[in-house]
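Quick one: this structure, given as structure tokens, is what I'll be asking you about.
So that you can tell them apart, the chains are marked A, B, C, D, E and F in the order they are listed, and the count of residues begins at 1 in each.
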Amino acid sequence: MKRVITFGELMLRLAPEGYLRFVQAEKFGATFGGGEANVAVSLANFGLDSAFVSKLPGNEIGQAAVNSLRRYGVDTSEIVRGGNRIGIYYLEKGASQRPSKVIYDRQFSAIAEATHEDFGWEKIFDGADWFHFTGITPALSDNVADICLEALKYAKKNNITVSCDLNYRKKLWSREKARSVMGELCRYVDVLIANEEDANDVFGISSKGTSVTEGKVNAEGYREVAKKLADMFSLKAVAITLRTSISASDNKWAAMLYYGEEYYLSKSYDVHIVDRVGGGDSFGAGLIYSFLSGKEPAEAIEFAVAASCLKHSIEGDYNMVTADEVEKLALGDGSGRVQR
Amino acid sequence: MKRVITFGELMLRLAPEGYLRFVQAEKFGATFGGGEANVAVSLANFGLDSAFVSKLPGNEIGQAAVNSLRRYGVDTSEIVRGGNRIGIYYLEKGASQRPSKVIYDRQFSAIAEATHEDFGWEKIFDGADWFHFTGITPALSDNVADICLEALKYAKKNNITVSCDLNYRKKLWSREKARSVMGELCRYVDVLIANEEDANDVFGISSKGTSVTEGKVNAEGYREVAKKLADMFSLKAVAITLRTSISASDNKWAAMLYYGEEYYLSKSYDVHIVDRVGGGDSFGAGLIYSFLSGKEPAEAIEFAVAASCLKHSIEGDYNMVTADEVEKLALGDGSGRVQR
Amino acid sequence: MKRVITFGELMLRLAPEGYLRFVQAEKFGATFGGGEANVAVSLANFGLDSAFVSKLPGNEIGQAAVNSLRRYGVDTSEIVRGGNRIGIYYLEKGASQRPSKVIYDRQFSAIAEATHEDFGWEKIFDGADWFHFTGITPALSDNVADICLEALKYAKKNNITVSCDLNYRKKLWSREKARSVMGELCRYVDVLIANEEDANDVFGISSKGTSVTEGKVNAEGYREVAKKLADMFSLKAVAITLRTSISASDNKWAAMLYYGEEYYLSKSYDVHIVDRVGGGDSFGAGLIYSFLSGKEPAEAIEFAVAASCLKHSIEGDYNMVTADEVEKLALGDGSGRVQR
Amino acid sequence: MKRVITFGELMLRLAPEGYLRFVQAEKFGATFGGGEANVAVSLANFGLDSAFVSKLPGNEIGQAAVNSLRRYGVDTSEIVRGGNRIGIYYLEKGASQRPSKVIYDRQFSAIAEATHEDFGWEKIFDGADWFHFTGITPALSDNVADICLEALKYAKKNNITVSCDLNYRKKLWSREKARSVMGELCRYVDVLIANEEDANDVFGISSKGTSVTEGKVNAEGYREVAKKLADMFSLKAVAITLRTSISASDNKWAAMLYYGEEYYLSKSYDVHIVDRVGGGDSFGAGLIYSFLSGKEPAEAIEFAVAASCLKHSIEGDYNMVTADEVEKLALGDGSGRVQR
Amino acid sequence: MKRVITFGELMLRLAPEGYLRFVQAEKFGATFGGGEANVAVSLANFGLDSAFVSKLPGNEIGQAAVNSLRRYGVDTSEIVRGGNRIGIYYLEKGASQRPSKVIYDRQFSAIAEATHEDFGWEKIFDGADWFHFTGITPALSDNVADICLEALKYAKKNNITVSCDLNYRKKLWSREKARSVMGELCRYVDVLIANEEDANDVFGISSKGTSVTEGKVNAEGYREVAKKLADMFSLKAVAITLRTSISASDNKWAAMLYYGEEYYLSKSYDVHIVDRVGGGDSFGAGLIYSFLSGKEPAEAIEFAVAASCLKHSIEGDYNMVTADEVEKLALGDGSGRVQR
Amino acid sequence: MKRVITFGELMLRLAPEGYLRFVQAEKFGATFGGGEANVAVSLANFGLDSAFVSKLPGNEIGQAAVNSLRRYGVDTSEIVRGGNRIGIYYLEKGASQRPSKVIYDRQFSAIAEATHEDFGWEKIFDGADWFHFTGITPALSDNVADICLEALKYAKKNNITVSCDLNYRKKLWSREKARSVMGELCRYVDVLIANEEDANDVFGISSKGTSVTEGKVNAEGYREVAKKLADMFSLKAVAITLRTSISASDNKWAAMLYYGEEYYLSKSYDVHIVDRVGGGDSFGAGLIYSFLSGKEPAEAIEFAVAASCLKHSIEGDYNMVTADEVEKLALGDGSGRVQR
């Protein structure tokens, strides 16, 4: 069984019930999520040997975070326990013309304040085939950015494939800082994932005829973006997710893969949204699984898009779908008929 | 008041809240449902004298099942109490491209292990005008199939109209077994109801140009199917429901009635789904009510489709709508404006 | 800060959870709402000094009603406490072809039985810039209609702008009674708000080519209606909301403003409904805010429609949105993208 | 099977969840209850043929009230539908030193405004063995008091045993009015039930050494009260419940029966309270069941006290226990050991 | 109406439902609480003009905190908005032998990082009669300790009575630091409140024969403690709460007041606990109310203990009781009988 | 780290919310539990390497069962997936005089129908130090009894300590059958655990002066029982739990250990019950942990009783406490004071 290591932050996610606004809520659903952890759970659900590496406080909230991963089969043995607090994000689910809203309270979290001594990459990478991180992780603190670099160097030297989801978060760092740090880290990356905005935000690479807020996405134009990214960092593959936001309730969802100088555009899904947070992460997991299970590029992008299409119908950050369920959709049954 | 007898299994329905997947659930909504019981409740809601016949365990879970029917006015005096367990079905509600999922745990239920001695059809049918069952009931066990036959013979002899919803369940029996048993039972049936797949699954009768998983339904093609069924069993009427599954969240819903050598195609509804389980049963109830209240065929099929259209907006197996509400929709007000 | 006085009834709103029907419910969400109170909360959310005037019983349920307003910053110091009961309305949320249903139990409420002595308009209007009421308030009782008239006269004399939302409720009074009373009251009104039906129900003014139950609304035709209303009562402005009911789940929503002999038609939104009760009230609040903050007519109508578009995505009667959120939508971002 | 008729008001009971105060609640549990209806459900749970007579509005809330009785097997065929509203009571559950609080909103309810024409006692009493009402019913309105009298006269003439629970409600009428009306009605009563306060409140009969608010109850002293009541109205039996309120969480509970000039004092239970509303009603039902099933006085009072002891452990007004469960406790197993 | 100013931190309180442990929770009740805010709400519930002063972030979570106070009538106009985060505390409710557990995540909160410029004490204290703070506030940061001192000096100069609840939190500062800072601040205090441990923890003043963990409290011994405290800081009054912890479910609760060289020991309550957090704060509020409404010392301590006794029966930090309810208990009705 | 293997059935536990009776429930809490799995979770919570062996269906409900163990750190790698269904038990929580009620629906479960081929004991026991099972497991079916015997023989041969909790379930087998099978299996047991009834039910060994239903337990008398059991099977240790059932809400809880010809009686706890299911299992886990961590007998029994005392305050079958928390209570702090 292939083993994948992911490294990042796992946060407590506090979300009002249903479509209540923050100021109306008297209860918060308390689940956990974070870019790389989401990928880890998704991969475990696909049947891979999936380990998540991070630092979480020694208290019961930290333990609950660990448990949320163990529950779904993620290897949590390399999660360091210590530090002061778990990062939090508050999520208010949008509907129709009202957008979802995220409030971050992640400063001073255990992982943001972690040090080199916390992680022994040789042991962590023992038996690993793949390493995945996102652009959020190095943005947590300079320390964590350095730890990332250390991990990447070790992975590179030991022929572990590296994937990165650009995932620019403007609340965490400036575009300039992001460009500088990610420019360095991306040199160790094999597979790069980005959405319509990331490439522009981080590396200033954009495509014409696309306006995110107007809900227009120009799939063709992204070919150029993908190629530029691939060339800039000698990447093996670049995947770009293409979301057309009709409203907070309805999106179109597709993706493009640039691989071996070829372009592969997936089919596009009309998605009625249950919970879109983690949509990009589920795409990343789909892509990693596809590559690790030897799918052809055209199949790989269809699997990844189908996986993330399904994510939009699932509550919480984690994509709770099996590889079988994804294959079924990728092969064309999106009719949603009851399965008895 | 017209009296209708229905006979079948009533199951405990365990469903995660909202759109949670089974593996995410910490609570199950605990309601009850089953093809014929669903019809019974719907008929009671329409104001008919509706009785449900079955066997349920003597314990409190069995009592809760009985109570769920009494609550809505169904006559439960002919439900036998005994046996070991109530059948269960677990329901996970789908959304968008993710299908709903049903896990059955109905083996060894009280009704599946019932015997001839449990039911005295003469007393049960006293004062009855109509008898309804589905293809699920004889599939429960050979015993129950025999009991069904006995009931049908008694009904036939006493001029009680008989309706049957084919409802093929592949987890309960093979197509061959179904064909043999239902072929025998259908000889006593006056009104047969089927969906797009049943006729093919049970009797190998299909129409061209229809692909269920692709979400295409060829209404015209079903004329042929209906006529073949009617001819095969000398039926007075055949009704076929026509579902076009756009996704687990959105369906088109219509139906066709073959009656007196004529075809009646209903209008088609664009349904945004709250809960589609029991959709077919609510159609059956609508049809029975229509016939018993003397509606013309064209009105009958519109009433039945409107009733079942509304079912899709209602939580649980039971169709909680009055005849007035159905008439209103059948007459054309589907605007959903607030009624004050 | 501009100060707005609203006067009317605040009711306890009892609503089954989710899409459950009344007869399925074992719990009711217990919130509060009423035309003018809804406007008051919305204005407080926009940052205005907003006061609600009414009478509520001295018991804890009355206190909870008061608290629901205080919570969101409404000035409740002029609410009289006394009387026997709080009015109640039961709300069943519709979906797809099944309409929402409202059952009123508001007779004999504290406000309906209030007397002139309960309200001292001179003190209430101290510092006020605007007075708002709806056609529901004078319909509560003859006494309340008289109190309304008294308030209007005081407002007129003191140059306080007056707005009225026609809001005809057939359960409260006949068309004839409404026409007579509202005809008198409207003489003191500056800004009149109505939906597609109100003008016809109350003043017999209608437009051609519009059928509410068929979901057709003829925006052009309403120009005539608006002009007739304006002329009849020498109004400064008339605003008409234009709802096209596709189903209980999906509506189109727009509005028209007649101001200074000019017509301003807003853009139209495709709304996926979370809760549409209070939609009209949130429009009124949007309009009042627009005028008080000096917006041009074209901006005003866009702000009011955007505000009420957002209301449809929010649970409860109260429109929980800030002026910033409304501006953002009015300026064109209805893509519903996550805001981090 | 013995048939018991009960007559009175069934109210919607709105209660915050758990121990929340009214002003903290955002949800109300919505169940139904009322003195006589509580008795009716309890008797149906004991296996008797139990019918409840009342008037309830024709709307869905009235229907839900009816359904709450049907669900547990009560015959609701003699409930008249009509009138404007269902009575409501708000219930806040107390704990420790904080008392439970009830707010009534029952004026103008359908039953309070019912007329003689609504009830045909000959048909209602067909096949009846027992008639039960409480002192709340005649307090609803003069009309209802008259209807009560009519029913009592019919019952007397037809040898139907009559029981009455004095149940004085000071919010409904004065002591003087109660004394006058109940004095007349009690002449038709065979079995009278009262708690520690009722006899004093209604008929000015008290016992020494008892102080309700200090939590002292003098069982011996009540002998005298019982005898006085029996003599005053030539009663066959008088039962007095004896509650010692230690706190809102813990009570002592016992009762005394005066029958055939003998006194029977039950054992006393230390009750840890889940919900004490309906405690007295469940005692009445236990007594009626005991007499109708031919128990000796000593057994009868033990059964009635055990039944009502169990009620304190059950949520809602209705006592959801079987006769078997009561017998078991009456025979001495109050250990609460798990029953597998 | 007397005006009271309180100053401190208001935190988001996240608590699993019922008795679930942190690691079992999937939902958190989301309310707000903090020593001084709890006092503020309690005083507003008693009918005083109560204002809470603090700093809270400008986001929606900060707004919800503000709203939680406005809802219950607290003046929030002097709460500064800004800073990065709201402090959080996680609360797991204990039962029987399992203690409640609190995890703090309050570092870097808006109030902890507030500066002198944030608060204008002259304006804040305009019209104020009383100022209250707890030992938690100066422990938040050196800055806040300084701000406290500034406030105290202003209060002293302007004859505003000052009360302080010692409330030692070992997670926030060392005993040494606490002693030094509180020693300075207490010089401006008129009324000091402490529980059995605080005096010892902060000032090393203890009484013999008392062991908190063994559940023994020596009321007599506290006389000496109170007197020592009073003498040390020239206090007008010292109140000591006396909790005997039988288990997490049951406590004894009483208090002692040292005033004018006299000792007043309250009656003792056997409390069955619903939620004991905020018990001490509700005592403080009861004492402030008592003094401001001119009660005699013996009445004052009974009122304060009765108020806080009731708090133990109420969910959340805030004591939701009226002065009337407290008086009733203080006068002796702790029987918990239903109030209709 | 010591490794413990447990073998048995894991069931879906369906329980109404709070104190609702089965027939009142509309929702079931859905958790998992079973004697040996409860022990396994408890041991994992204590920090041991704990593995649970069983067979569970391949569907999502089986997966959720597995996940419930993984979540808390139990090694589930030796759980076989297959078979038709998961066993179910319905649990109604009692209160005061009303006992808790359990309805089993466990026939035909995957584990009951498991075969020898399903389990490879050599692999399973690799690295194991201890093996635990209960008397429920061999009662599931003859097959499972044989599998148990096979496991025991392997364990014996490989010096793995064996503990057994007698746990007689009369619904699963007769006393005669139990005596015969358990008599055989107990020959391989080192540590035997029983409650007050088991020894009598299974082996006819009883003590005088004890009446379970009367709530009397004679600790002294159990010495004799323990010794007889030890002698009969050459046991190293016998532990007997001593429950005095005051009511369903309050129990006394203690235990006795017979070890090396000595008796050790634990202290006794007055327990206010949150959930007592799994109380015995948590005792077993405490005992195993004690022995494996080298505690003296007197400490061991105190630890085991303290662990199970805490279980009574925790929802669900699993005992969610750490070894630290148990030690703290065993050392004497049962005051339940808040831990901050």
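Keep in mind that, in the parts below, a contact is a pair of C-beta atoms (placed from the backbone, for glycine too) under 8 Å apart; a residue touches a chain by one contact, two chains touch by 3 or more.
Because the structure is predicted, anything quoted here is derived from the model rather than measured.
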Intersection of contact partners for subunit B and subunit E: A, C, D, F
Repeated interface matching E-F, over half of the contact pairs identical, chosen among B-F, A-E or D-E: D-E
Maximum centroid distance from subunit A, chain identifier (CA atoms): D
Self-contact between copies subunit D and subunit E, residue sets same or different by half: different
Cα-centroid distance, subunit A relative to subunit C, in whole angstrom: 44
Centre distance in Å when subunit C and subunit F are each reduced to the mean of their C-alpha atoms: 62
Two or more partner chains touched - positions in subunit F: 18, 21, 23, 26, 67, 72, 101
Overall pattern in which the protein chains touch one another (line/ring/star/complete/other): other
Touching pairs among all chains present in the structure: A-B, A-C, A-E, A-F, B-C, B-D, B-F, C-D, C-E, D-E, D-F, E-F
Contacting residues of subunit A [partner subunit E, same complex]: 14, 21-23, 25-31, 59-61, 63-64, 67, 84-86, 88, 90, 92, 101, 103, 105, 107-108
Of all residues in subunit B, those that touch subunit D in their complex: 67-68, 70-73
Subunit C-facing residues of subunit B, complex: 18, 72, 269-274, 306, 309-310, 312-316, 320-321, 325, 329, 332-340
Residues of subunit A defined as touching subunit C within the complex: 18-21, 23-24, 94-102, 104, 169-171, 212-215, 245-250, 276-277
